[in-house]
Amino acid sequence: MPSEARNLRRIRCLNMSSEGNVTMKTVTYLEAMREAMDEELARDETVFLLGEDIGPQGGVFGSTRGLLEKYGPRRVRQTPISECAIIGAACGASLVGTRPVAEIMYFDFVAIGMDQIFSQVGKLRYMSNGQMTLPLVIRTQCGGGRGKGPQHSSSTEAWFVHSPGIKVAMPSTPGDVKGLLKTAIRDDAPVLFIENSFLYNTKGEVSEEECLIPFGQADVKREGTDVTIVATSAMVQLALVAAESLKELDISAEVIDPRTLVPLDMDTILRSVAKTNRAVIVHEAFTRCGVGAEIAARLMEEAYDDLDAPVARVGGLEVPMPFAQSLEEQVMPSVTKIVKQARAVCYR
Amino acid sequence: MKTPMKFEMLQTMLIVRAFENRVKKLYMEGVIRGTVHLSTGMEGVSVGACMALRPDDYITSTHRGHGHCIAKGVALKPMLAEVLGRATGLCGGRGGTMHLFDVPRGVMGTIGVVGGGIPVATGIGVGIQQLGQSRVVLCFMGDGATNQGAFHEALNLGSTWKLPVLYLIENNLVGDTTPLKEVVNIEDLADRAGAYGIPGVVVDGNDVLAVHRAVEEAASRARGGEGPTLLECKTYRWEGHHLGDPCVYRTREEVDEWRRRCPIKRFAQALIDDQSLTSEALGALEKEAEARLDEAEEYALGSPEPSPDTVLEYV
Amino acid sequence: MPSEARNLRRIRCLNMSSEGNVTMKTVTYLEAMREAMDEELARDETVFLLGEDIGPQGGVFGSTRGLLEKYGPRRVRQTPISECAIIGAACGASLVGTRPVAEIMYFDFVAIGMDQIFSQVGKLRYMSNGQMTLPLVIRTQCGGGRGKGPQHSSSTEAWFVHSPGIKVAMPSTPGDVKGLLKTAIRDDAPVLFIENSFLYNTKGEVSEEECLIPFGQADVKREGTDVTIVATSAMVQLALVAAESLKELDISAEVIDPRTLVPLDMDTILRSVAKTNRAVIVHEAFTRCGVGAEIAARLMEEAYDDLDAPVARVGGLEVPMPFAQSLEEQVMPSVTKIVKQARAVCYR
Amino acid sequence: MKTPMKFEMLQTMLIVRAFENRVKKLYMEGVIRGTVHLSTGMEGVSVGACMALRPDDYITSTHRGHGHCIAKGVALKPMLAEVLGRATGLCGGRGGTMHLFDVPRGVMGTIGVVGGGIPVATGIGVGIQQLGQSRVVLCFMGDGATNQGAFHEALNLGSTWKLPVLYLIENNLVGDTTPLKEVVNIEDLADRAGAYGIPGVVVDGNDVLAVHRAVEEAASRARGGEGPTLLECKTYRWEGHHLGDPCVYRTREEVDEWRRRCPIKRFAQALIDDQSLTSEALGALEKEAEARLDEAEEYALGSPEPSPDTVLEYV
């Protein structure tokens, strides 16, 4: 680890009693995920992984590379192409004292196990009147921008936010992905953990010491005073670039990443809007009935008097993600679109 | 098999029968909401199978799961209370007849989605294997459930990983109103085992001892690390698919024919024949079953509905 | 048909050039559905039905009763319990010149065919650049209130509103269900047609003549001036009862049923809110990330200056539907809850 | 089979090979986005199967579908243009390599979701039957796809309704990076036919004539109303799962061994052996294939990207 990659930072972790100075190192989003799984596999032998191609190859994106060699085939279980059985297997195994971490290669394919996740995973605890706990994680990765075409680019997190009994995480940085994945694995509730392969090679800081990031705690990625931009997953980066552009227009943008959508930290968003009086919500998922609609509706319900302009939304167009770059760019949110909406809500 | 064990089996079958009849009566009286699916006539399977398991083995079950639960040891009072949606029910009234859970007794849920429990049971098998336990999980399913994709994915995984799972089909020849022969092109569902390289066994589901033997064998295979077995128990449900079903898909004669093959009468007769049982003793067992159901009914009817304040607990 | 059940009414149908006086008769919601299917089967021999138990029994609720006898087993196809194959079969058949109408017994089970509906049905036309049309209907029925418990009571229409390429209808009256189902069957786009078995025995008027109700046209079920209540499916009835209660408090409520959620007739809602300046949205689905969030967000975006109060939502609690009546009632929207929210937005 | 037909088959195999090689070259040059799956080495299956069909028969295909499309008659220019995401592509650039559609030629889509096309093909079979046509639909799938629930539900429906569907498994021994033998517990996937009461046939997929024969037979069964057949064509893909795959799951030797069994070389040699073909004629065919790809490349590279304004069309 080169020394320039290490530094000291004040961060807030679940497992530290207060904010503390910790040494930081720089890793990629992908490495951060792998470290999280590695550390949890080492820490708790009831943790195990399952999914397609996660063995010798270490997953098609490399997130489990080296883990089969280290933990063996019982702890790193390569499965058939059977998304329904993968989710069901994780569900059942979680009921009897183990902590499965299942990988679904693309978010789109979670639809194949939709009954298992919606009617079983999300409901067993409630139906059984709390007799059961389901400490399982379903990891997957979402998003477009890579020419994967209409069946490998979806972001349907809103379906799961609109389902009971499942926590939903959607981290945007290496530090967040590591801290949240570790928290997810230790959580006794089922977690849908949505990564973004577009971010896999991006770098960022993670703490050298163990750091668990709590669910339901948004992160202010940039402070500002004129407009609140709430962004998720890969959109956080675009929002930060947009914030830089807005600065040139003398608009000071605050960028908030909710990090988890269930539970959702409305408090941080409300605090920000109480200051800025304006909000733009950005996600890659279709605008229509997306999480942005929920946040907008709640801002109206809970911050009506704070708002000086209607909350604006920037989301994907309601079409299957087209393959060609010229079309894909049209569908996805962009810095330009964010800037435009931010200006609009600022009436500038 | 020892005689006391046979007695226990007979008695359990009688209790299952009495339970289903009691539920029917209560449903007709309007005390039970929703849709109720009875297993009357299928006691050979539920009792033969569950009593071949150990107390710490698991089962998953279906919308038609009362018999499975009772045979796996669930207490009658909280069970009936659950069917009536009472606070004292197994699941505090949250689940009802189609969603019964009793984790201490290994009842990991009667699942209302047809086929939905098969991957879950498979996962329980993964968990058992992961923990190095010698338990097994028995996964009940109807014949209709074998046409679900979940069946296929789960059995393939179970077979590939040699999981300690017993996949048991209760083939009662029909799914809802649709005869099985109209929706599959094979005679024996046990033949589907060939797609997964596991043993497939056809069992007379109305012969409680045959079921018991087959399950015991499959369980010992599973405990030995040899993987799953697919058991097809042929049987029949006397009642309609659910209470209120006009049964357009079958004849009175067919039902009568199967009533004659009653698994309880058959087993009791065999015990009488070999002199282990007298008709009087049988009558006493029947009475006792009724008495236990009287108690359970009184308990359930006397229990309150769950308090609305608790509605957000355990999400 | 008794004479009191017939009368003349001015209605607007797609297939009539202008509003006309037509003779009406009274039927149940279930009869209206059956009539719609019967008429379309008779009219167009490429139409056929498929689904579980739809044959001799005529469906578990009776909506296809008599149709097997009338049209034979090729036109009324009883299937295995295979929701994924049912939706896939409808999809494929629709590509080659037929018009399948598939029934999924409970809305919950659409999840089993979720990949087929999301990644195939909704995307094939777009992916093929318009080479394909998919004139198929997936009928299902939703909702709680009948003690069907956690796995047979869902209303997840928001998932499909949040998916591209699928129209979504959710009728509340016999007249609407008949007119919309006929339109759906003739539509060249895939339609998810969500009935409500709670409504099956309710009665209402349908035209004696053929009447096709257009998609994307909301219906004002009751006129009012003080608050707009937008309600879907069985909630329309509750909203109408609530409107009566509100009258006693001197609040005049307008009740709007969008009837189709994709396309959504925002114009009618906006016109109403321009008059009332207040809105309450009611659906049985979970409030969180439901269609109410989308409508609320759009009202903020498109009617910000018209609103005198934040838009309120009344939806189901985010729990699996519990079995016991005391709990189920707690989860579902109610007249009381609607009245409360309507009063709140009127500051009364 | 007549010699001209054999020539056409050989030529088509050469064109498929040339197409895949050209795509590889263009991908390496950075002209193609996304993930590309080549069928190099599997031409015996695509060509043998599609050329046993009639022009108005349908196919559905997979993420590895270039060969199927070409063999079913898709023109090279719009096809390559689609792989490059151009406005002149088969689907105007909306689909790309994994989603190719050519309805006039009966190509009802290469589907990127593994197994996702199987129910769709089954539905096409329903449509054909409904309209009383004598067409068939051939459903390509990989070995890995047979572990999807969709496979099971679709084959059961196809068999129960005796649909005119040919389910054809291209068993190239691996799915992505996972060897088939690690994810199923049987030798021949064709044995899964037994679960549906339909014929299951194992075919040497590198023998184009054997594939042709097997498909012809299955098609005539299907046209005769006798229902579906499950065909398992054993073959091998020379390239990685996708371009860029490091192939950790196999050895160089295994690949070399299969390269020696090249379906094209084998077929050409047979034609040379029986004197219907000379090496010179073969060389000429190869050159022609390259020339046609040159043209297609020029066309595709010279085509514009789709106009952003069209993005909302055809939702």
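All chains are identified by letter, namely A, B, C and D, in their written order; residue positions are counted from 1 within each chain.
Criterion: a contact is a pair of C-beta atoms (placed from the backbone, for glycine too) under 8 Å apart; a residue touches a chain by one contact, two chains touch by 3 or more.
Please read these numbers as outputs of a predicted model, since none were measured by experiment.
Trainee: Quickly list, by label, the chains bordering both chain A and chain D.
Mentor: Both chain A and chain D are touched by B, C, going by the contact rule given at the top.
Trainee: If you average the Cα atoms per chain, which one ends up farthest from chain C?
Mentor: Of all the other chains, the one whose centre lies farthest from chain C is D.
Trainee: Could you give the separation in Å between the centres of chain A and chain C, each centre being the mean of its C-alpha atoms?
Mentor: About 33 Å separates the centre of chain A from that of chain C.
Trainee: Averaged over CA atoms, how far is the centre of chain B from the centre of chain D? Could you give it in whole Å?
Mentor: About 46 Å, centre to centre.
Trainee: Determine the centre-to-centre distance between chain B and chain C, using the mean Cα coordinates as centres, and give it in whole Å.
Mentor: Using C-alpha averages as centres, the distance is 37 Å.
Trainee: I'd like to verify one number: the distance from the centre of chain C to the centre of chain D, where each centre is the average of its C-alpha atoms, in whole angstrom.
Mentor: The separation of the two C-alpha centroids amounts to 41 Å.
Trainee: When you check chain B against every other chain, which residues touch at least two of them?
Mentor: 92, 94-95, 99, 111, 113, 116, 147-150, 153, 156, 160, 182-184, 315
Trainee: Give me the residues of chain C that touch two or more other chains.
Mentor: Within chain C, residues 79-80, 82-85, 108-109, 112, 115, 119, 126-127, 149-151, 164-165, 318-320, 322 contact more than one other chain.
Trainee: Based on which chains are in contact, what kind of graph results: line, ring, star, complete or other?
Mentor: Graph shape here is complete: every pair of chains touches.
Trainee: Going by the contact rule set out above, which residues of chain B touch chain C in the complex?
Mentor: 33-35, 85-87, 89, 92-99, 111-116, 144-145, 147-150, 175-178, 182-184, 246, 248-249, 305-308, 310-312, 315
Trainee: Within their complex, state which residues of chain A touch chain C.
Mentor: Listed in rising order, the residues are 108-109, 111-112, 114-115, 118-119, 122-123, 126-127, 149-151, 154, 156, 158-159, 161-165, 285-286, 288-294, 296-297, 300-301, 304, 309-313, 318-320, 322.
Trainee: For chain D, which residues are in contact with chain C within the complex?
Mentor: Within the complex, chain D contacts chain C at residues 58, 90-92, 94-95, 99, 101-103, 108-109, 111, 113, 116-131, 137, 149-150, 153-154, 156-157, 160-161, 313-315.
Trainee: Can you list the residues on chain C that touch chain D in the complex?
Mentor: Touch list, chain C to chain D: 46, 48, 50, 74, 77, 79-80, 82-85, 87-98, 100, 115-116, 119-120, 124-132, 164-165.
Trainee: Which of the residues in chain A end up touching chain D in this complex?
Mentor: Per the stated touch rule, the residues are 52-53, 55-57, 60, 78-85, 108-109, 112, 146-152, 317-320, 322-327, 329-331.
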